[in-house]
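Note that the chains are named A, B, C and D in the order they appear, and that numbering of residues resets to 1 at the start of each chain.
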Amino acid sequence: MTFKINPEIKLAIKREDVESTKVKVRDVLVGGEKIVVIAGPCSVESREQLLSIARSVKASGASMLRGGAFKPRTLPYSFQGLGLDGLKLLAEARDETGLPVVTEVMAPEDVVVVEEYADVLQIGARNMQNFPLLKRVGEASRPVMLKRGISATIEEWLSSAEYVLAEGNEDVIMCERGIRTFEKLTRFTLDLTAVPLLKELSHLPVIVDPSHGTGVRALVMPMAKASVAAGADGLLVEVHPRPEEAKSDGEQSLRPNEFQSLIEDLRPLALAVGRTL
Amino acid sequence: MTFKINPEIKLAIKREDVESTKVKVRDVLVGGEKIVVIAGPCSVESREQLLSIARSVKASGASMLRGGAFKPRTLPYSFQGLGLDGLKLLAEARDETGLPVVTEVMAPEDVVVVEEYADVLQIGARNMQNFPLLKRVGEASRPVMLKRGISATIEEWLSSAEYVLAEGNEDVIMCERGIRTFEKLTRFTLDLTAVPLLKELSHLPVIVDPSHGTGVRALVMPMAKASVAAGADGLLVEVHPRPEEAKSDGEQSLRPNEFQSLIEDLRPLALAVGRTL
Amino acid sequence: MTFKINPEIKLAIKREDVESTKVKVRDVLVGGEKIVVIAGPCSVESREQLLSIARSVKASGASMLRGGAFKPRTLPYSFQGLGLDGLKLLAEARDETGLPVVTEVMAPEDVVVVEEYADVLQIGARNMQNFPLLKRVGEASRPVMLKRGISATIEEWLSSAEYVLAEGNEDVIMCERGIRTFEKLTRFTLDLTAVPLLKELSHLPVIVDPSHGTGVRALVMPMAKASVAAGADGLLVEVHPRPEEAKSDGEQSLRPNEFQSLIEDLRPLALAVGRTL
Amino acid sequence: MTFKINPEIKLAIKREDVESTKVKVRDVLVGGEKIVVIAGPCSVESREQLLSIARSVKASGASMLRGGAFKPRTLPYSFQGLGLDGLKLLAEARDETGLPVVTEVMAPEDVVVVEEYADVLQIGARNMQNFPLLKRVGEASRPVMLKRGISATIEEWLSSAEYVLAEGNEDVIMCERGIRTFEKLTRFTLDLTAVPLLKELSHLPVIVDPSHGTGVRALVMPMAKASVAAGADGLLVEVHPRPEEAKSDGEQSLRPNEFQSLIEDLRPLALAVGRTL
């Protein structure tokens, strides 16, 4: 291998005898030929908001629904999510649209309830090295989407995946979502090189979140395209019908018609790299 | 104020009518005239190791004992700490030496047991934005030492303190322990400017961890001195009788005689900035 | 505009009444429909080496030839380039292949000689804020390729372009080549978001250097694809017949057959984003 | 040695048989027992401004005078310094006060004139890897003060010193002035660990610039103290009689009475670490 990596990382690393991992989420396969688009609001805000977005992204061609019920917020006074009510709304949206649901879990003691309602357990960037949480989702019955910490090296990210895998949960999806640098015009610096680098090092599927990764609506589309060209297995995209009224992250959310354009523009690109969408 | 900071941060911010916070830990005052030196091993490894270090740092002039019982480790296969047994050893060492004990708590469900044995609950750098944990220690009966995340801005760090304060726990000690940069010769880049910056912005006491902040034994002494000169209220220093045999962080641990020299060298410096030690 | 940028930057910024700049280099247009691939060795090492690479990249479909005659090297003892002899070899290679030549100029007093032999004057990352040099190439008769400094913000990069434009040279090509972060597995972190960001902010063409941007041969291909998908107007790629013998940057140079594959793989992708190659 | 450093760096590195370098600037010794304070305005703006500051800092106890005649500015439209007229004013101020003069040189062709008027040639952070300039000052008859690039590793910084030393100029003073990180409340992050690290690795004297390193007046004093405690051989401090009217960097300049307090507060600290001031 070209890259020097801690040899104690075993389960997350590519091996001759191991096929690349395809994570099955209901009838959706992450890591297969088809590029998986996971779309939805940053936060679940209300029944109307969620169902409207879910129907819309389903119609546009999304494969899964995202939405936050437990929200990690920098300040204690910010909207913290609807919690259990949000989870129930996500399940309702899935039941209506058929889209499997991805949502974040923030504490070990919440895993039981989140896995009851959600299809994929998201570990947020701030919790990438929350080891008790990693161990707990390693015992869960659902796939885990592991976001990269904002200043985590690739090696540390793979080490955190190792925590989940070592507990017996083989279904880990890696999600690049931007790292912190000195650049001020974007919220984070999306590190797309992480995609081919992980493909060299690991058998795990890799998706990209260009919404958090840039923080700017106008940059989501080009960086989504770049992600697909770089070899990503999927995308995580924030969609909101009225971004200016969103309770969180409005400035990076696509409007439904912009999301539809995104999907349409990505299709020929996916074909050009031998994938479908 | 010279600095632009989110005005929603209220409790952590200096106010005309609020005195600077002095955190009382048994008979030790953090944030007073006397600079508080907290010393001990990275990990509690055995009864002999801990008691020997505790006696030694007490004799040299340390004010508190540090030691990890629950250890956050990058890989699941590394030594994860002695857990409850480690807590009991820490309590035993306190009972013998009179040194109050600082130790890390990593999960909300562990707070009950850690506060039973320890005097200060340490929130590690990786958990600075573990909000369920911050809320939980905000309800605890012990002071909290909040380490800065390795890529946290000062504003984010104060926002995390706000989580603890908002739950009613007024005893928060801020601990600068180095941030992640491109520099490779040191483990982290100790951001000492954080000390006077926090003193401008906040009423909370600030200490510095030059052991993690540099990762190199030879740099601990000069950076400890620089911390005191910059206005730090205390130091967190790793000490180990045989660093080359330490289960974690040996290369940055001082030997007992080096720790003694550190204390001796710091005394005149403390006087020169109007403090004692 | 979505982005807050210093309003004193005038000439480098997009304006309603200004078309996007197309830089003409002999018969090659940078910033037009066709994506421009600039290929060649890191350093000009010998007549045989350069001519062999020039013929090969020409045959594979490159539009311009790159090669360093004046080499900025971290240490004074490293190979510093062939200087004037290197420039003459580049001119000879152009005369034979018809490929216009891009090469770096490091000092104001060298501009005269470099513009005599080369078609595009490259300002390297280390000189992005070498203002006397920027002013001098602003007076030159050749287009300027301005590489981004390894820790330059987009705003600073545009400000440096402003130096060149303000002297009257309208032909500036921006080149993203990676920024410095904490990540250790790659040489730099390629900031592809810079491409659509510059397209939003500026009328200048933007190209990407995935060779320096990653420092790893296996990552050049996927990141070249991602660059095209992100909207880049061109690519700067290092090619060497025997990378293991290269005097500089061998580990990131493509072999001629790998370069041929790159071109072939990029063609359908260019079409998918409405460009040619 | 504890630190792994490129073994090709020879002249800048500490050796058993080489004493630590003391750079003699007229009658001032940099690297000796006495801590050298270099003070003055960011830019030379006028005869009155410069002479008034020079007299004032001399009276307060400064050892050398700083002031920019050639100013590296991000934008071409900003005040670029008085050039030759500024140099003449600096020489006049030295003649009157006896303070040797430190000023920046930005281009190889300016070295002749700058060394005619100034006593120390400053290489600014942006030019730390301007190799033609480094070679040229390596041939100069004056000591060189080499500022660290804002994203330069210690190894790269020493490599740049090697360029100067390799040309035969043995008098190099290293100046830490802050590195670029994600922190937004300060202009740069002052990396004080660089001081003891260089003392371990090199025989060259090291000074610190807390003015640029923080960018905030209120932080200059505590970081100056911390620099001395960390082992710095000197300080570079910006002083301006009316900072709010300064043509550059006003917000980080001390007023004359603040500079006087700085000197007074530093004295006991210098004594506490075995130095004078």
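The criterion applied here is as follows: a contact is a pair of C-beta atoms (placed from the backbone, for glycine too) under 8 Å apart; a residue touches a chain by one contact, two chains touch by 3 or more.
Computed from a predicted model, the values in this text were never measured in an experiment.
When the interfaces B-C and B-D are ranked by C-beta pairs in contact, the top one is B-D. Summarising the inter-chain layout, the chain whose CA centre lies farthest from the centre of subunit C is B. Computed centre separation for the pair subunit B/subunit C is 48 angstrom, with centres defined by C-alpha atoms.
Separating the CA-averaged centres of subunit A and subunit B is a span of 34 Å.
Look at where the CA atoms of subunit B average out and do the same for subunit D: the two points lie 34 Å apart. Within subunit D, residues 151, 180-182, 184 each touch two or more of the remaining chains.
The residues of subunit B lying in touch with subunit C in their complex are 180-182, 184. Across the interface of their complex, subunit B is touched by residues 2-5, 151, 153-155, 179, 181-186, 189-193, 195-197, 199-200, 213-214, 216-219, 222-223, 225-231, 268-269, 271-273 of subunit D. Here subunit C touches subunit D in the complex through residues 6, 8-9, 72-78, 106-110, 126-127, 129-133, 135, 150-151, 156, 159, 162-163, 166, 180, going by the rule given at the top.
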